[in-house]
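Below you'll find the structure I mean.
Just so it is clear, A, B and C label the chains in written order, and each chain counts residues from 1 on its own.
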Amino acid sequence: MKRRQVIIGWLFVLPFVLVVFFFLVLPLIYAGYLSSQADSLVGGQHFVGLTNYIDTFKDPLFLEGLKRVAIYAAISIPIMISVSLTAALTIDVIQTRLARVFRLIAFMPYAVPGVVAALMWGFLYSQQFGPIYWVAKRLGYPNLDMFAPNVFIYSISGIAFWAWTGYNMIVLYSALQGISREIYEAAIVDGASQKQIAWRIKIPAIKGAIVLTVLFSLIGSMQLFTEPRILSRYTNAVTLGYTPNIYAFNLAFNQSQFNYSAAVSFALGLIVLVVSYGFLLRSRRMADK
Amino acid sequence: MSLKTPFKRASKGQKSLVVPSSKTANTLMIVGIGYFMMPLIWVMLASTKSKPDLFSTFSLWFGHSFKLFANLHSLFTQDGGLYLIWIKNTAIYSITSAIGATLISAMAGYSLARFKFKGVVFLESMVLGLIMVPATALVMPLYLMLSKVNVVNTPWAVILPSLLNPFAAFLIRVYVLESIPEELIQAARIDRAGEFRIFWQIVLPMLRPALVTVFLFSLVASWNNFFLPLVMLSDNHLYPVTVGLQAWFAQASQESGNSVLYNLVITGALVAVLPLITSFLFLQRYWRGGINAGAVK
Amino acid sequence: MQKTLRSGSFKKATAIFTTAAVAALMGTFGVSAPAHAASAVHVKVWAWYPNFKEVVAKYNATHTDIQIDWTNAGAGGDEYTKLKTCIKAKSGCPDVAMIEFQTLPTFSILNPFVDMGKYGASNADGRYAGWAWAQATSGKVVNAIPVDGGPMAMLYRKDLFAANNIKVPTTWAEYASAAAAIHKLDANQYIATYGNDPGWATGLMWQGGCLPYKYNGTAAKATVGINLNQASCKKVLSYWGDLVSQGLVDTKPFFSTDAGADFDTGKYWTWVAAGWTPGYLSGVLKTTTGKWAVAPTPQWTAGADAQGDWGGSSFTVMNQTKHPKEATSVAMNLYPPQKTIDAGSPWDIGLNSAFLYPLVTGVESNAAFVNHTYPVFADQQPNPIYIHASKKLGAFQWTPFQDFIYSTLHDETAQAIAKKEPWASVLDNVQTKAVAYAKKQGFKVTA
């Protein structure tokens, strides 16, 4: 009986295991193998061990892209998460119809494909017929160019902000709704203000959800690809190694350097892993204090 | 990071904390609504414009003429009705892979919750691990592998990899643990019901809310997917709408020619987002269910 | 989430999804190819000129032995991405693929081509412009059939130059003074934009006598010459760098919606561009059609006659094909030489809709082509200017990693535009990086 149970249990997981094996494990092993080989245009393929990885971490294009996404994350995530959190705290206590509509509308960009969002914002940022430039011009900034190389990264942040603030807000809002009322009661009896309740009770209570939204945004930022790639025609900013993911893509699919590309994308994955766990450990340690 | 009680309803009694809205809050929310709506309003207005109006009239108001139907007509007839084929492809790819992913995850999640064997820790770490793998690290080797079995440039190259959804299995497992009593399964076993019959006739119906949530999220994920089909497909009759629109956009900027491709890209964008936004509006509680689950992690 | 949800919208949605899913699963994938005579050989072609749709339709209607299945797999780089993956995967390539001249060696080093010389193309040498045929072949090996070229000339706003009494420049020195005069008239107007297109910059350098690359894939596959920091190349780039630094030339990238509109609003007065550029322009212009004219590219030395080329494409046959003979025939005859430009013929479509400059010999004596007029240029007959430019183009070679050089040139120029590095060091940096890259790829590098 016991053994039969195990067999049946495995039968249920089998399709899942097969999918995981063929579409996750095997490709990663294959990519790992590729990254240990070198293949030059003249000379053919041969084993090089970790050379590709050593090259990656010395490659100025890779490091430059990495630095760019790090700065991008450092600027855009705090802004986005604090706006999301403020909005979530607000709609948590204000339950008017307007708040419900706001909640719904803010989440809507989640249903818009990244490609379509990038295309739309590409038009909205236009100097010829975009509303942003129209406003800027009337405010006295006729030279605003959202596609100028030093501005473009903020334009990308703008798209990400539009796309993900509502989503993060809903995640945080759902967590707020999950706090049980007993926790508040003492505070209310003590006559604490909404602000105090938010700071002292609510935010600590949904810390896990906040950490999660930051973590997901962090991972997403470091893997930045679609928006700069789609809008690359509009700007001089998007270079060969603009972001590590764009670099890996260009290496493989434009320069036929599949081996080096595998190493670059693995190196990126490794850095994302280290940063994510570093962040988790840090936030856990801060919670312990 | 452990999951607890994701599918529980918010506790009652929030009423005591509800405060009347302030003027500031109302203003900010109205501004917020305007901000989040702006691109969608823009795309709606722009799809009513003629090509000259698109480039010359103020972007957040109507143009000199109302060309929505003309634009829709050319959208659906351009290149022999290619856009309709893209929409059809998108629907086929995303519905097929969402159904597949849901079913596979349901079986796996149920099994991991109810049959005692190791693998749960593996699943949890995989959920987080998978989102950390850069798309290129996965898609590039996958392309080379699938091309060896002649699957590249077929719908399967997009559908099969999309069946992978550890997060869904993870959600279902939690749901099973919370809402399907062990005793119920034991009772059915005593009645000598087969394990597959128990799953099909007892477990699946009880899982329905979780299934819908998982289905919706898988659907959105593959509906919005860009990178995988971009790499896998080269025949433009096989493109989903995301890759197709990108191709038209690229063509519009390089080969402006005499065509009205910009209008088509804009009208096409509108038509492409409508199904998801509509389903989102009608099925909002299910979205929130999934988000709840994600939130408590 | 509620467990006992039975709302009407949910049921309805489930029903819709189920129906759609069943329909989807039962439906067949993809589209079936149109039915043709069973005997016809189907040749898969990847080409990105939108107007080729009609050219292909014409071909299919007039051929029974061969039928073309045409796919627009993306323009330029987008298509190359797909080609490189299918070459690497050893499957999935089309029979015939459109490839630009500068990218031919980049592909041919991957050995993806059929030598069309073996299938009837070896006698085609007299048929095409010498410079184009030289780039399409390697010794006796025929890698490509030329389709269209991009001999360069200056497009300019005839009306604006006349109205403001500014001389239409014939030398680059005059071009620079015109640039200053135009910007002085209106701070929001420029003689041009430096679109940072590496192919365009290469064409301008070509015209300045800069021939930086040496490569012969058959004689010495592993030896490549790169000499980008020679004086004739640097001269051209510093000239434009000066204009950009002084703010006399704008820096908006070509082909963006904004730059397109700027050509129509009078913000840009000229564009030294390729033979196919008027095709792009005619799609962008709404109010200034007919106000443009063509003049020869300004010269570095007054009275000289140096010319450059920007882009141009060819048909190649991929060796994954099962029908090399038929594919070669398609490559040669899809856009063939014509004596007259009959309505609906490939040239009618190619010239009037796409502005493809044909690379066949004898165009100079083809009256229909010489006298052809286009709405963008009102009553001017611009083709003699392009014919002359094409004739004057000498030999030009490319490296087998031109994509890398182009993206490096783009990125370094972008740095210079953003004032993060001096214009003078752009070509030095590209040279250093290109040499390093070549060596890493196993090449012996000569000057």
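The rule is short, and it goes like this: a contact is a pair of C-beta atoms (placed from the backbone, for glycine too) under 8 Å apart; a residue touches a chain by one contact, two chains touch by 3 or more.
Because the structure is predicted, anything quoted here is derived from the model rather than measured.
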item	value
Of all other chains, the one whose Cα centre sits farthest from chain B	C
Chain pair, B-C or A-B, that carries the greater number of C-beta contacts	A-B
Chain B and chain C, separation of their C-alpha mean positions in angstrom	37
Whole-Å gap between the CA centroids of chain A and chain B	16
Numbers and ranges of chain B residues touching at least 2 other chains	55-56, 144, 231, 250, 253, 279, 288, 292
In chain C, residues with contacts to at least two other chains	85, 88, 255-257, 261
Of all residues in chain A, the ones touching two or more other chains	123, 126, 128-129, 233, 253, 258
Chain C to chain B touching residues, read off their complex	1-3, 5, 9-10, 13-14, 17, 20-21, 24-25, 27, 29-31, 46, 48-51, 53, 71-76, 78, 82, 85-86, 88-92, 255-257, 260-261, 279-280, 282-284, 286, 353-354
Residue ranges of chain A touching chain B (in the complex, touch as defined)	5-6, 8-10, 12-13, 15-17, 19-20, 22-24, 26-28, 30-31, 34, 87, 90, 92-96, 98-99, 101-102, 104-117, 119-121, 123-124, 126, 128-131, 134, 162, 166-167, 170-172, 174-175, 177-181, 184-185, 188, 194, 197, 208-209, 212, 216, 219, 223, 225-226, 230, 233, 244-245, 248-249, 252-253, 258, 261-262, 265-266, 268-269, 272-273, 276, 280
Touching residues on chain B, where the partner in the complex is chain A	1, 5, 8, 10-14, 16-22, 25-26, 28-30, 32-33, 35-40, 42-43, 46, 54-60, 103-105, 107-108, 110-112, 114-117, 119, 126, 128-138, 140-142, 144-145, 160-161, 163-164, 166, 169, 195, 199, 220, 223-224, 226-227, 231, 241-243, 245-246, 249-250, 253, 265-266, 269, 272-273, 276-277, 279-281, 284, 287-288, 291-292, 294-297
Residues of chain C that touch chain A when the two form their complex	77, 80-81, 84-85, 87-88, 109-110, 196, 221-222, 251-253, 255-258, 261-262, 400-401, 403-404, 407-408, 410-411, 413-414, 417-418, 440-443
Contact footprint of chain C on chain B as seen in their complex	7, 9, 52, 55-56, 79, 85, 88, 91-92, 95-96, 99, 143-144, 147-148, 150, 152-155, 179, 209-210, 212-213, 215, 231, 234-238, 247, 250-251, 253-259, 262, 279, 282-283, 285-286, 288-289, 292-293
